[in-house]
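Below are two complexes that have chain A in common, paired first with chain B and then with chain C.
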Partner chain A sequence: MTTLAPLYPTHQPRKLKVATVSLAGCFGCHMSFLDIDERILELIEHVEFDRSPLTDIKHVGHCDIGLIEGGLCNSENVEVLRDFRKHCKTLVAVGACAINGGLPAQRNHLDLGEILQDVYGSRTGMSAGSAIPNDPELPLPLNKVHPIHEVVHVDYFLPGCPPPADAFWRFLTDLMAGRTPHLGHGLMHYD
Partner chain B sequence: MSFDLETAAAPAGLRRVAIDPVSRVEGHGKVTILLDAQNRVQQVRLHIVEFRGFEKFIEGRPYWEVPVMVQRLCGICPVSHHLAAAKAMDRVLGAHPVTPTAEKLRRLMHYGQVMQSHALHFFHLSSPDLLFGFDSDVNLRNIVGVIRAHPDIAKKGVMLRKFGQEVIRVTAGKRVHGTGAVPGGMNKHLSIADRDLLLRDADQMVEWAGDAVTIAKQLHAQNPALYDSFGSFRSNMLSLVRADGAMDLYDGVIRARDASGKIFLDGASDQSYLDLMEEEVRPWTYMKFPHLKSLGRDVGWYRVGPLARVQNCDFIPSPLAEAERREFIAWGRGEPVHATLAYHWARMIEVLHSMEVIRDLLADPELLDGDLMTTGERTGTGVGIIEAPRGTLIHDYRVGDDDLVTMCNLIVSTTHNNQAMNEAVRSVARQFLDGRELTEGLLNHIEIAIRAYDPCLSCATHALGRMPLDVVLQGPDGTLVDHVLRSPEGELVRNLAAPVGLPA
Partner chain C sequence: MSTSTATPDASFTLDGEDVPFRPGETILQAAQRAGHYVPHLCWHPEFHPHGSCRVCTVKVNGRAGAACTVQAAAGLAVESSTDELNAHRKTLLQMLFVEGNHFCPSCEKSGNCLLQATAYEAGMEGPHFEEFYPDRPVDASHPDILLDFDRCILCELCVRASADVDGRNIFAIAGHGIDTHLVVNSPSGKLGDTDMTLADRAASICPVGVILPKRRGFAVPIGERRYDVKTVAEPGNQEAS
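Moving on, here comes the complex of A and B:
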């Protein structure tokens, strides 16, 4: 039996390019993403990873989706975030840290100078003569930890600390199918 | 004295090469290399570039919040911080030891954690280097590449990690950042339904964990010249062991061996860590450098984690893993194994051990029933030490009569390995990079050495630094959000009137 060649070339959908990064986060959001478990085998049929802690691509290229974990605690975070905004059509704030600073923002009510003094000046168990790191290779800390929407436009917010794996799955499958992502009851939570 | 290749004698005029960010590790780090005109390596440093200040803002919080808060130090090993803090708070409350049921539930959670973290590290992060080659195509070197080329191996890795995460979920309520342990005990039993769910797959997981050990072992056997020498150097090794010398990842006494394998510190109480070790700060990284006080900074540093634990203990108290330990020890032919890549092999032995422990615990009826909480006479101070996936993790607290934390000191696993990781990358730089034109593949060799330690750079970033500071934050519409300057006197000032641009 001969198979008929299709009249028109079949449409091969292009894979979505996804980049991910952890700014001032704990990687828990990335872990929750990986908690889609064996569904990752299906995901990679539709998605290609660009810069991410899971790949060795060090600079973000042009992408469909950028997932941002973590808020902004130093100048480097700000540069990386702006670079992601520039390169990603859709930018997503993932988790409490990206959305409102999260736990690292607990330091916002403290004076940065005082924290420095405490950590390096009067701590138990430190060698005599220890001084505060001051090398130009180290990025500048910000006075406060900021959520990312204060610096760039954000298209979607995925709440939770971390958002559940099913929320990642629903969000990405909705986008892949061309639907407006809709988490709905149960996937929208804040702990 | 300074360490070889840590600081170039004459940095002016040297060429700088940076690996930024170090990828396929957890957290934020970079490596800088300084080369002279002949491409001879003059300086190599692993910098930890983030700070978060956890130790400081935990002060002033109620003690019962702490085991939940500190999980946010690290999303890969949250349970380690959760349990180290809970153990310290047990002491603070005088609720020590906790009930047998509570301890067993915590152990179950912890061994589930070790297993999922080790599986993630080996399969999702490191296996591309080991399976495809150190300078293989950069676009292949990730978990997606492994799924395509070796679907069998990748799938077992994904399922092992899933099982570990499920163990955490049934004991802590959530896979990431749950709430199982509380100061003085645990907040719930294991349900029969959850136990049965896990028991169903337990034998399969033990078998796959055994397969993982076989993969790691074969890598060494196939290329001993590379695997034994890559990033290798001699060092002391430190870990907790059970009082009888058995491997124990949840609790024990501090033991250390020197580079020849001789035990020189043993049976030390975890409460006495400050008598044993101190931390040094170097200006070029936020991560501190701990060492044993008795030996001093130059020779008192040590390695922690799987390589140290598998060789520090006298035996592993589960049969399959113990048989593998013996094979590992035999590989050293009477000498301790110092090879950096042997971390992977040791780590897989621990996956097998953890899985055996989990299977035994699941069969124990005490997890389903029995007292969960202990009370006692409050002492106000406590140290909690645990063997986290990456090594010895120390939490130390003081709590006031008003229940608020007044002091918090953390030494996380990766910090203990700070000197060791720097030694490893310098060893690789000497062996592979020196005098050569640097390529992406050669630079990946440096990262492979770092990855072997499975560093958790997020955990290690609780300290803060001071540098010339001038940072401007603008909103999407160009409005000034924040502008911070450091005055010449070192004071931090907000200046919302005179913005200057951030470096583009």
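Moving on, here comes the complex of A and C:
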């Protein structure tokens, strides 16, 4: 007896493409994301990673979800962010630095020129001939650090320093299921 | 209209529920005593209402008013937890956050902070507005108390506590509009030149992280603090100080 082919093709939902990046961040949000532990096996049943420190792909392609860690402290951060916005249907600000500038923004009440001079010019113990790095390949620092929503439209914010792994999980499972992500008490943290 | 049988003339409705009140009470006082949560920042049960933060704004018979200043009256229909009012509250909170420097990860008050807890409860995930990043240097001149003005929300609770309870008038508000700021009443403007002590009510009243005792950090770990454990909406947890 032969088995008949199913009358209708069975539906295999396309895997969502996800890209992640750390701009002016510490990769702590990415580390917290990895703290979802073995749930990452369930996650990759539903998503495929595009540009991310996890894949080492250098340029972002067309994606469903872009997760941005870190704020904007130099011109390269702005370029990468705009590229993500252009290529991601849903863009998420992940963590304190992407949301309000965070730790890097603590330099915002200081003069950038004076900071560079203090660090590379006049600090004690500098070797002779030390100067502010000026290689043309280095992206120029911005005068002030900015959160990402000041430069591109952001669809969702996932707060925390870092957001707990369970917050990543709740957020992504809500988003993948087509629900508005809702963290609720215990997962919503600014610290 | 009230249907309460125990005190037929002394109740109003809050989001459809009967709330009894005592003569002279405000809507916020009566609501909190009955176990309800009306979000607020500048109001504190120990002090006269100030009515400045507007986070407690409710609709009383259809008209907006601050629940901390409007007197309760029999038969009022008060709306508080509506989509419209909660959206306004979230916007007010976002404006307070961008106006100061609220870097929660470095703040000793995090987890015990009324502003933060109120924003959690309001579902404030991001600031929406552009950050001001104002320049507000700390005052570390006092041997026991640190002032970090970055976090001030101008609730004036320290002003009221110092004047009404401590009798010292150490704090005041100066300036107008966006330049409004907290100042210290001393010849140098520094807290170190005042007779403030840690035992003063003003030293413990700050609902955010402006007035902090020195040399006390992480006595309770992040994650186990007041608002990490219970939300600000729960009865008995509605004040941070």
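Please note the rule applied: the second predicted complex is superposed on the first by the 185 of 191 C-alpha atoms of A that agree within 3 Å, B and C clash if a C-alpha of one lies under 4 Å from a C-alpha of the other, contacts with A are read in each partner's own complex, and residues count from 1 in each chain.
In this text, contacts are C-beta pairs under 8 Å (C-beta built on N, C-alpha and C of every residue); 3 or more make two chains touch, one makes a residue touch a chain.
All values derive from a computational prediction rather than experimental measurement.
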item: Fit or clash between chain C and chain B when superposed on chain A; value: fit
item: Which superposed partner A:S32 touches (first chain B, second chain C, both, neither); value: first
item: First (chain B), second (chain C), both or neither touched by A:K144; value: both
item: Partner chain(s) touched by A:H185 [first = chain B, second = chain C, both, neither]; value: second
item: Touching partner for A:G66 - first (chain B), second (chain C), both, neither; value: neither
item: Greater chain A contact set [chain C / chain B]; value: B
item: Contacts of A:Y156 with chain B and chain C, given as first, second, both or neither; value: second
item: Contacts of A:G102 with chain B and chain C, given as first, second, both or neither; value: both
item: Smallest separation in angstrom, by C-alpha atoms, between chain B and chain C in the superposition; value: 6
item: Intersection of chain A interface sets (partners chain B, chain C); value: 102-103, 106, 144, 146, 149-150, 161, 191
item: Chain A contact footprint on chain B (complex, rising order); value: 20-21, 23-28, 30, 32, 45, 47, 49-53, 55-57, 69, 71-76, 78, 120, 124-125, 138-139, 141-144, 147, 151, 155, 158-159, 161-162, 165, 174-177, 274, 277-286, 288, 297, 396, 407, 409, 411, 444, 447, 458, 463-471, 473-476, 481-482, 484, 490-492, 494, 502-503
item: Interfacial residue positions of chain A with respect to chain B in the complex; value: 22, 24-32, 34-35, 37-38, 40-41, 44, 48-49, 53-58, 72-76, 78-79, 102-104, 106-107, 110-113, 115-116, 118-120, 123-127, 130-144, 146, 149-153, 161-162, 165, 191
item: Parts of chain A lying in touch with chain C, wherever the complex brings them together; value: 93, 96, 99-103, 105-106, 108-109, 144, 146-147, 149-150, 154, 156-159, 161, 182-183, 185-186, 188-191
item: Of all residues in chain C, those that touch chain A in their complex; value: 97-98, 102-107, 110-111, 116, 119-121, 123, 125-128, 130-131, 133, 135, 222, 228, 231
